[in-house]
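Multiple structures follow.
First chain A sits with chain B, and in the next complex the same chain sits with chain C.
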Partner chain A sequence: METLKFEYRGGRPCNPAQASALAGVVGSGNLEILVEQEPLNGACAVEVVTAAVGFGAIWQAVLDDFFARHPLADVRISINDVGATPAVVSLRLDQAVNAFLGGTA
Partner chain B sequence: MRDWNTQARNREARLARAAHLTQGKTVEAKDAAALLSAVLEPGDRVCLEGNNQKQADFLAKVLAGLDPARVHDLHMVQSVLALPEHLDVFDRGVASRLDFSFSGPQGARLAKLVAEGRINIGAIHTYLELFGRYFVDLTPRVSLVCAQAADRAGNLYTGPNTEDTPTIVEATAFKRGIVIAQVNQIVDSLPRVDIPADWVDFVIQSPKPHYIEPLFTRDPAQISEIQVLMAMMAIKGIYAEYEVNRLNHGIGFDTAAIELLLPTYAESLGLKGRICRHWALNPHPALIPAIEAGFVESVHSFGSELGMEKYIEARPDVFFTGPDGSMRSNRAMSQAAGHYACDMFIGSTLQIDLGGNSSTATLGRIAGFGGAPNMGSDARGRRHASPAWLKAGREAREGRGLMPRGQKLVVQMVETFREHMQPAFVERLDAWELAESAGMDLPPVMIYGEDVSHILTEEGIANLLLCRTDEEREQAIRGVAGYTPVGLARDKRMVENLRDRGIIRRPEDLGIDKSLATRDLLAARSVKDLVRASGGLYDPPKRFRNW
Partner chain C sequence: MTQSYYEASARERLAAVLDPSSFQEILPPSARVTSPHLRQLDTPAAFDDGIIVGEGRLDGQPVLAAAQEGGFMGGAVGEVHGAKLVGLLERALDTRPTAVLLLVESGGVRLHEANAGLIAVSEVMRAVLAVRGAGIPVIVLDGGQFGCFGGMGIVARLCDTVIISEEGRLGLSGPEVIETTCGVEEFDSRDRALVWRTVGGKHRTLLGEAGELVADATAAFRAAAIRALALTPDLSLEALEREHAALGQRIERFGDCHDAVDIWRALGIEAPERLPLLEAADFNTITAGKRA
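Now for the complex of A and B:
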């Protein structure tokens, strides 16, 4: 197991439809993502607990792109990963944020 | 004076040596080894019918068990090496030379035997090439084929899995070779005649029915949401835009997802009757919902698929069936159809390089090609037009002052990472190293980059037809290669420029709502759903039944 922490600044305050949203499941090749509103001085904090060790650079790239798509402030994102591919991670992040903000997912 | 009839005389001598073993054309299974020893001569070119699915397994066992002091140095010419016995003949010294197309499950052992100098490979072919050579310079002297049943005269009924049999028998019988068939049963009257008796010399009832592999059954339960997303992109970004009506699909889960999205997603886009009407395709169970929904007008098949027999018989307007009701497949004909009569091939691969070349070769395995390169290549001899073919040709030639012509759509559909985070995009294919280690003339490339029209990943579609320079092509490929090292090394500005020009299109550029990309969009989510969609006619093999 490996724990990775990322923090993004410069996001916009959001007006979530719900205080927290969950996407995905803990299962092989999959992951679980919890998105919560939390006062973080404008930061977006991401914590990844992953079963696949040594992919920090890819997580960084995936999350950089995610933050470029969804610049969120005062949001905590917790990820439990069981070896999901970057494609699955990106899809789940988009689904979780959509649900959090009140989209259709 | 020159003797112009040596082949026929040699044939008569072989038949005479076996005369004491037969009654009519029938030989007892216990005499099979004696028969093969009698008719075979050292150095013979032999076709042991090894198909993608149907296997002449009894004759394979008998051949592998012959005395190498009597029968040796055979030159095997067969499309598929599927069974251990197909390599045992080399291990035991009965055969020494091999020309083939595909070795799938035996790929690792084949590589080992080649490295040990036990097998001398002539060439690794595509199906059509090997079949073509049966009629040029690799005509079998003796063929050991496989059929469902024979009558007492020696007529053969091959049933739904006809596959290679007509091609093999035609090449052998009309060049005065010897045809020996193993059959599951000998009957008084056949449901239909697939191979006429006077092309067949000996018939043996095998102790057990021949083996058939259900190779084309994909359990919808294993289709992922990413595959659903990619299937949506394929349908909206390629099928709809080119009006693809004549096509072939690969056998993976990626294309199974497309088949299962036709009655749902494609229907919602109003595409019924406008795409996917005619297929060169094995009877994929995953196609059942699309057939039932009225998308599919015709399907011609290379071989059959276990469990699909009753469904096919009940849908004769769609499938090619005989007067007895069962399907007649034919690998050579369907490959020719896939090459010349289809507008699109779409399939998965293991590795794609920066030139768009793709390969399924991995180190330590010689897997061969099968049919993908015949279908996954532009048919440069094609002359008849269709909207899809014309549009692809226009895109590839626009502004270049070239003679107008069409082009086939050849789509490679891959997730950027395979299992265990193996990147699908690489700077250099493993095929190069395999070629060096196995002494091949060329790296074994499944689909050449110059034939590829589109690369589709979860990140987007790269339209290579619209690229005008090698640099554009490379960046278009990097631009859909996701977070692989190849993708991360993209020139971001150039990729954005390609996106502005529509050479790269993301799901959002195609107007695809990613939140719809769930398994709920699949017309069947399990094998049981497929059985239900078929009205109970589809009878899946046991290993796919989990209820």
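Now for the complex of A and C:
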């Protein structure tokens, strides 16, 4: 296993519909994503625990893309991954943030 | 459009079975009560350890409910997973809800956690019996992709009733385990028709192990769970002895049968080979009064 940490700055404060939201399941080729509101001095902190070792650069690219679409401030994103593909990761990130902000999951 | 219970996640099942927006989770993912064992084995943990517990309402009645997530390690029971279930059942003794609902989906004990998982399942069994003994019905809903096997298969049969779909399976050793230990001649776990007619919901219902067969739809499970709230189980010693006698007769009546279809024929069902093709409503009509 590998634990990866990322931090993004320059996001906008958000007004979530719920304090936390979860998307996905920790199963093969899948992952779970927990999105929580937390005072982080305006940062968006991401922690990934993944069973697939050595894919840090790809996580960086997927999360950069996510933050470009959803620049969130004071949000903690926690991920438990069992080898989800980048497309699945992006989908689950969007589902989790939609549920968090009050859209449909 | 009907929502498939089989395809839904544990969280989606709870949301669909209970009254809308009534569920309040205890120890939600944000509490991060995760397995202490999996990390040592270099295996990813889940924030809820594969089980969601909490309280809500069913048809306006207060209930406690748990749902196992088969997608995480086949719904297997680890130490934390089991402790959440035991804690929920013990809470019922304090809060006295109308019923406890167990939305099971589990291969049994989580072997990664060995003895801790085994102890957890035994504690769940004791807690189920304590809740039933206090006069609070424990209702099982079984319709998930992984069925209900191993220690959770025993737990299910300790409860007051099992509501099952054909796709929901119930047993002790699962098909793969039987094939591995006894050989493919004994049981071919890749023969889906054989698997379903042996451990599937229709056979479990005909044997009297499940109380009601429902269609694979969350609304059907919800409606059956509401009906089950009215159950008044007979927990007398006489009823227990009748049950034991019936189980003893079962092996005498059906011990020579080589296939579930032989048992259905022995139960007096005409053209039993058509049963697997029937929708739940037709199945219930045709088999009414002909259960073991």
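The criterion applied here is as follows: the second predicted complex is superposed on the first by the 105 of 105 C-alpha atoms of A that agree within 3 Å, B and C clash if a C-alpha of one lies under 4 Å from a C-alpha of the other, contacts with A are read in each partner's own complex, and residues count from 1 in each chain.
Rule of thumb we're sticking to: a contact is a pair of C-beta atoms (placed from the backbone, for glycine too) under 8 Å apart; a residue touches a chain by one contact, two chains touch by 3 or more.
On a predicted model such as this, the values are computed, not experimentally measured, just so you know.
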item: Touched partner set for A:Glu32, first chain B, second chain C, both or neither; value: second
item: Contacts of A:Leu101 with chain B and chain C, given as first, second, both or neither; value: neither
item: Contacts of A:Leu4 with chain B and chain C, given as first, second, both or neither; value: neither
item: First (chain B), second (chain C), both or neither touched by A:Ala45; value: neither
item: First (chain B), second (chain C), both or neither touched by A:Ala87; value: first
item: Where chain A meets both chain C and chain B, residue numbers; value: none
item: Residues of chain B defined as touching chain A within the complex; value: 224-226, 229, 415-417, 419, 421, 457-459, 482-483, 488, 513-515, 517
item: Partner chain B, residues of chain A touching it in the complex; value: 29, 52, 55, 58, 61-62, 83, 85-88, 90-91, 94-95, 98, 103-105
item: Of all residues in chain A, those that touch chain C in their complex; value: 1, 19-20, 22, 25-27, 30, 32, 34, 36, 49-51, 78, 80-82
item: Contacting residues of chain C [partner chain A, same complex]; value: 9, 11, 28-30, 39, 42-48, 50, 69, 71-73
